[in-house]
Amino acid sequence: MSSPTSPMAPPRSFIWSRRIFLTLLTGFVLVPVYVMLSSSLKPLSDVTGKFRWLPSGLTIRPYIDIWSTVPLAKYFMNSLIVSVAATVCSVVIAVFAAYAVSRYEFRGKRVFTVTVLSTQMFPGILFLLPLFLLYVNIGNATGIALFGSRGGLILTYLTFSLPFSIWMLIGYFDSVPKDLDEAALVDGCGPLGALLRVVVPAAIPGIVAVAVYAFMTAWGEVLFASVMTNDSTRTLAVGLQGYSTLNDVYWNQIMAASLVVSVPVVAGFLLLQRYLVAGLTAGAVK
Amino acid sequence: MRKNPSDPAAPGPRRRRGERIRRIGLPYLLLLPALVLELLVHLVPMVIGIVMSFKELTQFYIRDWGTAPWSGFDNYKVSVDFDAPVGKALLHSFFVTVGFTLLSVGFCWLIGTVAAIYMQDTFRGRGFLRALFLIPYALPVYAAVITWVFMFQHDNGLVNHVLHDQLHLTDKPSFWLIGDNSFYALLIVSVWKGWPFAFLIVMAGLQNIPKELYEAASIDGAGRLQQIRRITLPSLRPVNQVLVLVLFLWTFNDFNTPYVLFGRSAPEAADLISVHIYQASFVTWNFGTGSAMSVLLLLFLLVVTGVYLVFTSRGRKTADV
Amino acid sequence: MRSIRAAAVGAVTMSIALAATACGGGSSTGGGSNDSPKTLTYWASNQGASIAIDKKVLQPELDKFKKQTGITVKLEVVPWSDLLNRILTATTSGQGPDVLNIGNTWSASLQATGAFLPWSTANFAKIGGKDRFVDSALGSTGAAGKDPAAVPLYSMAYALYYNKQIFADAGISQPPATWAELIADGKKIEAKGKQALGAEGSNVSENIHHTFVFAKQHGADFFTADGKADFTNDGVVTAVKQYVDLMAKDKVIPVGNAEYAQNQSVSDFAKGKTAMLMWQSASANLKSQGMSDSAYGIAPIPVQSGTPGTGAQVNSMVAGINLAVFKNTDNLDGSTKFVKFMTSDAEQKILNTAYSSIPPVKAAQEDTAFNTPANSVLKNTLATSAAALPQVADESQFETAVGTAVKNLFADAAAGRAVTTASVKAELEKAQQQMPAK
């Protein structure tokens, strides 16, 4: 139906401006990554030396040392467990909450959404002490150890990502037509069945989007992880600081470790980005 | 008002009562896990934090904060007394943060939107570029910011190497991590880290705009720029409303970036309020004052959000939020 | 209607919060017990080249302790970036280790929280008595007139490291002993194209350590006898100006150092770019950066005139790590035994050798291991010419306020702005106003 020389084809000027812009942007994005890469291949004394575009004296030693200076593999596993668990729980809870807000009218709806939003306005550092106190009190009262354990961290992270997740999912669910719900209900499913059989499948992209955000939030969090973990439960984000010791900061190893742990994350991005793009779409369109 | 629009016809009187109870209770039930968690992890600590702001909570009382003496509004008075050094510093930090946040969000949004628009049409390498652009978002904050610290070094950094040694744009190497330029260094790092998120959200928002609108417009003779102004941007309004608000709140409260870049004592030009409050509380063991400053911050952001939502919701349903 | 709902949420939240208030800080008001005599939790700080190495050094000693006493010690090595935060949460919640390492400059601040076991004469008797320890190290364990809040464990001091080759090329035969000599030597070195002295201008702690020593050398103090902040007295202003002038006027510190905060000055020295460096026990660091022991010499830090000693002849602050016990430990006896073990002559020798520090225990200091050229300078400095930083509760506030003031002055110097007595006094005035009113 569309002609081969459709008026939709971008004009030459557009193509050229696009090339220039995207090239500059790529440079802007990649230059620090290049610096990280070249720093990770140098011996320690060279890292703080005069900058050169093409470093001399490359060595792969840092990539070997990172696993022994700091128990990187253990931290990686801890981060993975905590982030995946937090993501799964966060998404499930957000889906339920967003479904309630999107599909039902009830008293307190406005209060709920505004309160949830207001949690994003308090500086994170001031949550630290009260939250820790709370966990300790709960631990003393019930015997459930929330501090120093992965469970406490998972609980914390999943709640951190809830506000934004709920907001986005509300919008996305809003764009799934209610007729689909009604059709399911007529067929005899309860409201929960409608949610699981109709709304969720239609909203998979949005859910994936929210899952990625929740994962990244848990993966990169430093402050709470630093006080709520001990030796065996420490996560990556905090563990990276272990390359900075009393006497030395092993810059080359920090860079190497960061690149190594980011590869799976970027690979995950590559796999999921298709859903992500389609997903975030209707997520915010109200 | 309480009737659920998607009510199916109730099959019978007994079933109807049971279903009605379930239906009334259901939203609350669905909401319950989120509510409990939010209360536990976000709201109760916030309230405790607010209570702490009314107490004289220094290292002398930290062991049993419940017994710390009530200090009424003293902590607030100290924070708001703009003639005294503490208040003056806080006010200065506040203005720096507002300026920084507006610029950072502005640039992140601009670059993200332009990139998303440019990436709409298929061309070779588009998928690869999309993944590439997400790298700053994927890298650990500590390592990414430390890399910029290296790049901004006066003697050995890449930035001065390029600007001074290679391009001869400045007659002597500049300082980026201290002095007035530190504001721009902070801005550059923040934009570098933040624009991929905006890019992602806007790119997704663009997918929803029907192609027919563009086709119709170009048949009518509208050029690219006009199409963007008349079709793209208006359609993106709902996306942008959420995005800009969320970016503003997150950037305003961002702690990791300035802390890794400058340590616990930021230069005056780049004294962001999050580090400032950290200094006023954790570093100096004065949690009463730190909490008071945070509450003031919260109130300010509430007002900003309220005003923002009112302005941007004009002409749209305000049914939900 | 809506407001009722909001009020309900508010009420629920308030009541939970009040309940949390009542709970307060857990068992923080308890006085310690012996409920679990067989285990101990110990938080060690990172002293070695990596956390893994710390564990390797400590674990055999903990096994020895277990053999001697039957008590199992659960070890956790906490990185410096986390240590203070974790002590804070432990203090607030009552949930923490039994024994832990603390930086000695934190002693007075932590003492003020009341969370640590005071080392009264009776307690000291359990570990062999107070006079086993070097006086200068004891001076850094808490406020004067109060029982120490911790016991010295490892000690370090500042020394002047100098590059032998650069000195030889510039025709300097001996390391400088006074500041005037240092400046003169610096000019000779600069004439040969090398940098003279390195400094970490953006590191607030380093700034404090040096300006404190300068202040002492001018007979001045940052705090009055009753603990009030006094940063603008003439002695302090002169001292700070003298330190910053090393960059601003005498030009022996290169301007690039104004932004150093990641130990770049040590790297510069290791690479032979800088001729002199004032640092704490740098040997291990220099070795890992590839500088051989024979390439540099160690000398005491210069004084205004004469030779290092006490009073105005002080030339280093007392750096070190202290060992503290949490008051609400549930293994009081075990903790005391552990402190006794760690401060015993034998263990002091082993641990301080492993960490390249100096034992604060007099008997252990005599060991030949601490008579090497590197260690003897540090040992003598500690014994004869080191002073403890002010032991006040607002020590960390002091560090941040004054350290930032010096950082700003260095930034001025680097930007070419004038650093005058007036501008120094103004910065210090600003810092003083940030201290809490007494």
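As written, the chain order gives the labels A, B and C, with residue 1 at the start of each chain.
In this text, contacts are C-beta pairs under 8 Å (C-beta built on N, C-alpha and C of every residue); 3 or more make two chains touch, one makes a residue touch a chain.
It should be emphasised that the depicted structure is a prediction, and the values quoted were computed from it without experimental measurement.
Student: Among line, ring, star, complete and other, which one matches the pattern of chain touches?
Tutor: Shape = complete; every chain linked to every other.
Student: What is the chain whose Cα centroid lies farthest from the Cα centroid of chain A?
Tutor: Taking each chain's C-alpha mean as its centre, the farthest from chain A is C.
Student: Express in whole angstrom the distance between the two chain centres, defined as the mean CA positions of chain A and chain B.
Tutor: 15
Student: From the C-alpha centre of chain A to that of chain C, how far is it in Å?
Tutor: Computed from C-alpha means, the inter-chain centre distance equals 38 Å.
Student: Which parts of chain B, given as residue numbers and ranges, touch two or more other chains?
Tutor: Touching at least two other chains: 43-44, 48, 65, 155, 282.
Student: Can you list the residues of chain A that touch 2 or more other chains?
Tutor: Residues 48-49, 110, 115, 129-130, 133-134, 241 of chain A touch two or more partner chains.
Student: For chain C, which residues are shared contacts with two or more other chains?
Tutor: 20, 23, 25, 85, 88, 92, 94, 262, 264
Student: In their shared complex, at which residues does chain B touch chain C?
Tutor: Where chain B meets chain C, its residues are 39, 43-44, 47-48, 51, 58-60, 62-67, 84-86, 89, 149, 153-155, 175, 177-179, 263-265, 267-268, 279, 282-286.
Student: Once bound in the complex, which stretches of chain A touch chain C?
Tutor: 43-45, 48-49, 68-71, 107-108, 110-111, 115, 128-130, 132-134, 136-137, 139-141, 147, 226-227, 230-231, 238, 241-250
Student: Spell out the part of chain C that touches chain A in their complex, as residue ranges.
Tutor: Against chain A, the touching part of chain C is residues 1-2, 5-6, 9, 20, 23, 25-27, 45-52, 76-77, 79-82, 85-86, 88-89, 92-95, 262-264, 267, 270-271, 282, 284-285, 288-290.
Student: Quick check: in the complex, which residue numbers of chain B touch chain A?
Tutor: It comes out as residues 1-2, 4-6, 8, 22-24, 26-28, 30-31, 33-35, 37-38, 40-46, 48-49, 52, 65, 111, 114-115, 118-119, 121, 127, 129-144, 146-148, 150-151, 155-158, 161, 192, 200-201, 203-208, 211, 214-215, 218-219, 223-224, 238-239, 241-243, 246, 249-250, 253, 255-256, 273-274, 277-278, 281-282, 287, 290-291, 294, 297-298, 301-302, 305, 316-317, 320-321.
Student: What does chain C use to touch chain B in their complex?
Tutor: 12-14, 16-17, 20-25, 28-29, 84-85, 88, 91-92, 94, 109-110, 112-115, 201-204, 255-256, 258-259, 261-262, 264, 393-394, 396-397, 400, 403-404, 407-408, 410-411, 414-415, 430, 433-434, 436
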